[in-house]
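Each of the next two complexes has subunit A plus one more chain, namely subunit B in the first and subunit C in the second.
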Partner chain A sequence: MGLFILRRLGVMILTALCLTFIVFWLTNLYPNLEKLAKTQGNFRMSDEQVETFLGNRGYTQSLPVKYGQWVGILPGYVIDGTDGETRAKCEAGRTPTEDTPTFCGILQGEWGQSTVFRDEVSTIVGTRLGLTGKLMFWVMMVMVPGALIIGVLAGMREGSRTDRSLSTVSIVSTATPEYVSGVILIAVFATPLFGMQIFKGTATSAMDDANFNNFFLPVITIALYGMGYIARMTRASMTEVMTAQYIRTARLKGVSFPNIVLKHALRNALIAPFTVIMLQFPWLLNGVVIVETLFNYKGFGWTLVQAASNNDIDLLLGVSVVSVFVVLVTQLISDIGYVFLNPRIRIS
Partner chain B sequence: MDPLTWTGSLGSILVPLIVITAAVFLTGLILQLIMGVFAAEVKLQTNADGTLQGRGGLLGRLEKYTGQLFVLLVMLCAAFIVLSWVMPYGDAGILGEISKRFLPVWIALIATFGLSITFKRKLGLYGKLFDSTIGMIGFGLVMFWVFTAIFVGLFDMIATHDPLSQISGIKNKVPGFVVPDAEAEGLYPHYLLGGDNLARDIFSRMVEGSVIVMVIAPLATVFAFMVGITLGLPAGFYGGKLDTTLSFLANLILAFPVILLFYLLVTPEIVATGLPNFLAAFLFIFPLVFFGVLINSRYKTQSRKNILYLAIVLIPLAWLYLSTISAKGSPLYIWPNALDGFDIPGGILVVFVSVVFVNSPTVFRIVRGLTLDIKTRDYVAAAQTRGEGTWYIMLWEILPNARGPLIVDFCLRIGYTTILLGTLGFFGLGLPPESPDWGSTINEGRKLLLIYAHPALPPAIALLSMVLGLNLLADGLREESLKD
Partner chain C sequence: MENDTYDGPILEIDKLSISFFTRLREIPAVMDFSAKIMPGEALGIVGESGCGKSTVALGVMQDLGVNGRIVGGSIKFKGQDLNKMTQEELRDIRGSKIAMIYQEPMASLNPAMRIGKQLMEVPMIHEGVSEKEAYDRALEVVTDVKLPDPKRMLDSFPHQLSGGQQQRIVIAMALMSKPSLLILDEPTTALDVTVEAAVVELVKDLGKKYGTSMLFISHNLGLVLETCDRICVMYSGEAVERGSIEDVFDKMQHPYTQALFRSIPLPGADKNARPLIAIPGNFPLPHERPPGCNFGPRCDYFEEGRCDQGYIPMAHADEDHETRCLKFQEIDWNAPISVGAQTEKPEPGRVVLKMDNLKKYYEVAASALFGGKNKKVVKANETLSFEARESETLAIVGESGCGKSTFAKVLMGLETATDGQILLDNKNIESTPIEARDTQTIADVQMVFQNPFDTLNPSMTVGRQIIRALEIFQIGNNDDDRRNRMLELLDLVKLPRAFADRMPRQLSGGQKQRVGIARAFAGDARIVVADEPVSALDVSVQAAVTDLLMEIQREHKTTLLFISHDLSIVRYLADRVMVMYLGHVVELGTTEQVFAPPYHPYTEALLSAVPIADTSIKKKHIVLDGDIPSAMNPPSGCPFQTRCRWKDKAGASLCESQVPPVRVLADGHQVKCHLSDADLAAMEPVIETPIAAE
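Showing the complex of A and B:
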């Protein structure tokens, strides 16, 4: 087991390095840097001015060197600029002093500076993640119990009318992407169009003070899309368990149907949905980006869109590190959890 | 001209009837659901008159009645649609006029269903689809949009206005608004679903949008399948280092948040570097490889036939390939313009490439898994004993036997690709902002959603119905293919 986790961790770190390198490479392509220089300096810069602007700020170094500096395995640049100023990466682009560290990358805990928000990336990511965490918590609170109940009820008796209706409901929910359900929910419940103006159509006020009125629509929008998928997985696993030998034995023994479902079947039926729920996290991230943009809730997803559309290199890298980390850690947890929950699987 | 109401004169009788039936049906359905949870198991019961009954009692009756109510509801809606065809202009209201505009689609649908149901026993899996209600509903929804796209794209029939032309004075106006001076200028007299914030007709934009979605989504899915199959088969069959490397790469792409990937690939700065063109050149080579290997592995012992078939298939494909990837102004201008059959507009190529790129790793994983399972079967061992080549075994023994799950996944994946296209449009990436595709129109509409909700709803509902149709179709296909 220990070796298995170690190997998975190794693959994880390799994946994370590859992914961040790809993001790093794409954001550091010359047209992107040129756009950055023009938004940072001024829009009427000539090509030579762009060149010196980027050179002075360490952007024209070779790609592996820049990446090494960003990770923190190469010393941060100290450049005597053509304009007479000396800039050091580890002083956030100011003149270096005596206590300026030599290395300053992700490994040293330095995430860099956001060029759009003019703030430390770590603080931005921290606050935004907190806000998204709040959203995700409520999504999970709605989605997981709802999906499990639908799945268990549907899978209890395969092929019954209950099964058919609930399965159709879950198909409908998986077929509705967030930007469709969000738009429809806002139009129905937040505008006077249908005479049911119950909720608020934006969640900006929910950042400080979340209540049912302003937080219900974004939460339900994300939850609906994921719910159907988890419910279908739960249903599949429940139907499989219900045909198992030990369930038949319990029936022949004369155990009542509710007891069979609750005491004999449910625990085994919930193993598969556990992994599905864990693997659902990366998908939720997708939904979070859409919903936060739609409802103007300034969380992690909103930050991703801002960083990506403004080519804010450090912030974008920070955001991708976090999201890649979330994806890989949930994969790891789902693998380990699966082994723990299911005594029949042994990793040799 | 008066503005149109939603249902016109039909509304006074049919609409209350439909609403009441729907309400009763839904209540029945919910009641049935609640009772079904607590009900005892179904056993055959003998009635007093000697007949057998599946389920008796209150629940049994309820199930029967809701079934009948559903049929009634469908018939009432059908009556509404059919009646509107014969009514004079304006009498049937907005819904009636919309149903009239879709007349060619209805006729095509009725013809398809009539023919398919008549000959369903001779049509294999496709025919079996018509045994399941869910499958039929899904197929109906999908074909509705397919026919709409055909009639709009090829015959220019359904749309009422030009999707790009603006008519002053109808900015953000409600559905059924009268077009000023319509008769004088020979225009359709109403904006059936209102105007958007640039005073364009929402209904026409919605039906025009179906063409874009219907062209890109299935094609992109086909390409993703080509890539996934060509890489997944050897990965599963050979295993070892090849499998490890390819799986690692697939997982790498899958670990990327999709939206971040789209932002990185589709921004104008990246497009300017030509990266999407190189990616296109890489991804679009796979169909050539696939068909080349497919034919070569089968006919390599009969060299004359082999060369003939290869030439028939590969020469047109190579021409298509070179015409697609080479365009004036792009960094891959390698094919002389005289031979270049067509140019794909830059935006569409980029969108297409990124959608294929995101989809193919999942297809790869599915194909790999299926290959791992099938390669242990006896018929593969038999082929190996006969001395067949490995590519022959992969493409002519394993692939045909994996078709069931692949067809089901193909349907699901078209739906997912539609969702991805919508996501791209929703963030305003790739396609030009005036493009009428559903994602872009939803994006346009959402900006003023709280003030004018009507522009965003039609494309949202269109996208929903299309993806729902594909999902239901996939479900029906899965169920029917499992029955064998």
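Showing the complex of A and C:
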């Protein structure tokens, strides 16, 4: 078990390295840097001025070196600028002092500075992640039980009327992307158009004080999308289990139908959807980006959008590192949980 | 409880008809089926796959699924009509008064539920007993079905038990609330012969102990003979003959029953002098049944204008013996069997294949998912040595896990040997994997697989698949050449040339296996490894496919390595037999030598375990205890010592500590055993054939 987790951790780190390198490379393409120089310095800089501006701030070093400095395995640059100023990465672009450390990458906990929010990346990511965590938690609380109940109800009698109507609902909900369902939900429940103005169309106030009124719409928008998908998987796995021979055994043992479903079928039917539920996390991140922007809920997804549209290199990198870890950790949990659900794998 | 005094028949089925409804049409699965089981009696239903025998069982249970429906007749259990019961009443009866034992024990047990819980459920539902009481009951029943360490058993998951143990659990589950009727649907098909023998014995004993009536469904006539009092033969949805075991086995009154008996290899059958007679033609599909007698088109006694004119009722042939044949009084049932084409026994030629001290070890990690360093060595083959000659049939016999399939893999080059050598025409091939072998070697050594249903590509025509083999073997100069050769191959396996353009799904099991044989012989293979080639086929088709193999062998002087667990068929067709147990060759000799004393103790048990469908044969009854030990953790000393009944005679300490040496008893007959010559000589034959039989 220990070795297994260790191996998965290794894979995680490797994936995170590759992914951040790609993001790093993309954000450090020259046109992006040029834009950065012009926003930070002067919009009317000539090409030569841009060149020296970037050179003085270490942006013109080769890509692997810059990446190494960002990760924290290469010493941060100390450049005697052409303008007579000495800048060090580890002193946030100011003149180095005695205490300035040599290495300052994410390994040392230095995530850099956000140029948009004028704040430490680590604090931004921390608070935003907390807010998104709150959103995700409620999404899960609504989505997973809902999806499992729909799936099991649909799957226990394949082809029945319940099955067909529930299946239609789940296909419709999973076929509607968040930016469509979100808009529809806002139009129906948050405007006076249909006379059902029950909820608030914005979730900004939910950041401090989440209640049913201001939080329901964003939660249900994300949940609906994932719910249909998980329900379909649960249904498929449930119908398969219901035709298994051991279900026949149970039936011919005289077990009543509700007990067959609850005691015999459920656990076996949940093995496959469990992995899917865990796989939903990356998709949730996806939905979070759209929904948070739509409802102006300033969480992780919203931050990502802000960082990307403002070419906030350090923030963007920080956000991608965290997302990679969130996704991979859920996969690890999914693998371990699978083992506990399925005794055939547990003891071999 | 009011039924306790009931003394009529336990089960009475009267003119039962069951149909399945599809969108296209109604498919009658069982027609006009009647049967009666008295208390304590065992009725066997025999027939080939698709004849409706399992449908009868599910009909009794009233569990025919969404599409199945009972369209006529009645099923009375202790006088109550099951057809008219409500779901609640049925649920009351299921599991408590009628219990069922299934074909595949692994699939019939809930994989995510501990065995104890599955067992305890039965009395808890039906008798509302407390958990404690249910546990005690479960413990008692598990002890009854002779499982070791019952407490641990109750606490384990199904996958932790072996197949035989699982089946015992299923039996225990059926017996939990002491049912009056037990339905056994092919209960031993998935098990090894020695395990099968033990399970059958157990069922018989428990049936006596609890006074349970049994409905025993099987395709194996020998098994029914051993377990049942009465028998009902089914063909294509109808009962064709019904009567007591003795009547049906010795004085059969229906041509199908007769043909069935002639197509199974009984002791005395011989591939050269007395070949089996296969039933011609194929089993009719349920919606393509002929008018009149269903067996008509395949029957030797068929009379046009009489047998194909409408419904044929059951007729009384004798007291308590019925047959569904119009002509049973006219047929001379005692007429000698017209002996099929007799052939000369071919002389074995030069040695083609030689194995010398072949070893194959596997290294496996104890747990695949969690890695771990404790690797274990599985000794799949241990010092295998033998020779195979041209046009000789060498049978390799043994139960699952004995290493016979590993051996085939090494020979084919799918695995490489750990040690020792394989000489093909004096060329070493043991460490050449199949990718590195030259075309000629690959074409020379070919294989016929066990399951014809999985080994043909479902999306390629039959002809194309054979041509593909020809292309690989570089036979023929152009496509026309190869097409001609392919058609010749179809002739060789006696399939119509029109089959070249068919898809595998349009073929029956026997026909698919013929395609498999044609493919194996595409490159004029000199050595063909047939891995259980007929065990997935129905009895009536088995004979035809076996005969085909024999015939091709005679023509092509092929060396046939026939891997099987079915000793009857091995006795019928093999020239020499090699018995394997846990990777060791325990006995090797000519068929006569192996099937007559002195035996290796394992061979003796194996022979005794095979059910033989002949009432005149007396068999010694040897039941092996326990299961085959795992190859991961083999016993010390002699591999068979844990189950051997002769162990005390040879000296237990000797058997437990040393692997016995190979001893040559007679010319070409070798045994791996510690028993003294005197003990070996004192062994009695397991199977006694009455001399007057011929």
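Quick notes on this structure:
In this text, the second predicted complex is superposed on the first by the 339 of 348 C-alpha atoms of A that agree within 3 Å, B and C clash if a C-alpha of one lies under 4 Å from a C-alpha of the other, contacts with A are read in each partner's own complex, and residues count from 1 in each chain.
FYI, contacts are C-beta pairs under 8 Å (C-beta built on N, C-alpha and C of every residue); 3 or more make two chains touch, one makes a residue touch a chain.
Being a predicted model, the structure only gives us computed values, none of them experimental.
Once the two complexes are overlaid on the shared chain, A:N311 sits against subunit B while remaining clear of subunit C.
Shared-chain residue A:A244: touches subunit C; no touch with subunit B. In the superposed pair of complexes, A:I171 makes contact with subunit B only, with no contact to subunit C. Comparing subunit B with subunit C, the partner in contact with more residues of subunit A is B.
Of the two partner chains placed by superposition, only subunit C is touched by A:L252; subunit B is not. Judged by the touch definition given at the top, the superposed model places A:G84 against neither subunit B nor subunit C. When both complexes are overlaid on chain A, the residue A:S323 reaches subunit B alone and has no touch with subunit C.
By the touch criterion defined above, A:C18 lies against subunit B but remains apart from subunit C after alignment on the C-alpha atoms of chain A. Subunit A has no residue lying at the interface with subunit B in one structure and with subunit C in the other. Within the complex formed with subunit C, the residues of subunit A that make contact are 1, 3-4, 7, 159, 244-246, 248-256, 259, 263-264, 267-268, 271, 339, 341-345, 347-348.
By the touch criterion stated above, subunit A contacts subunit B in their complex at residues 11, 14-15, 18-19, 23, 26-27, 29-32, 34-35, 153, 157, 160-162, 164-168, 171-172, 174-177, 179-180, 183-184, 186-187, 190-191, 193, 201-202, 257, 282, 285-286, 289-290, 293-294, 304-305, 308-309, 311, 316, 319-320, 323-324, 327-328, 331. Those residues of subunit B that touch subunit A in the shared complex are 29, 32-33, 36-37, 40-42, 63, 134, 248, 251-252, 255-260, 263-265, 267, 269-270, 272-273, 275, 415, 419, 422-423, 426-427, 439, 442, 445-446, 449-451, 453-454, 456-457, 460-461, 463-464, 467-468, 470-472, 475. Of all the residues in subunit C, the ones that touch subunit A in their complex are 61, 63, 66, 91-96, 99-100, 102, 104, 107-113, 121-122, 125-126, 157, 159-160, 170, 173, 366-372.
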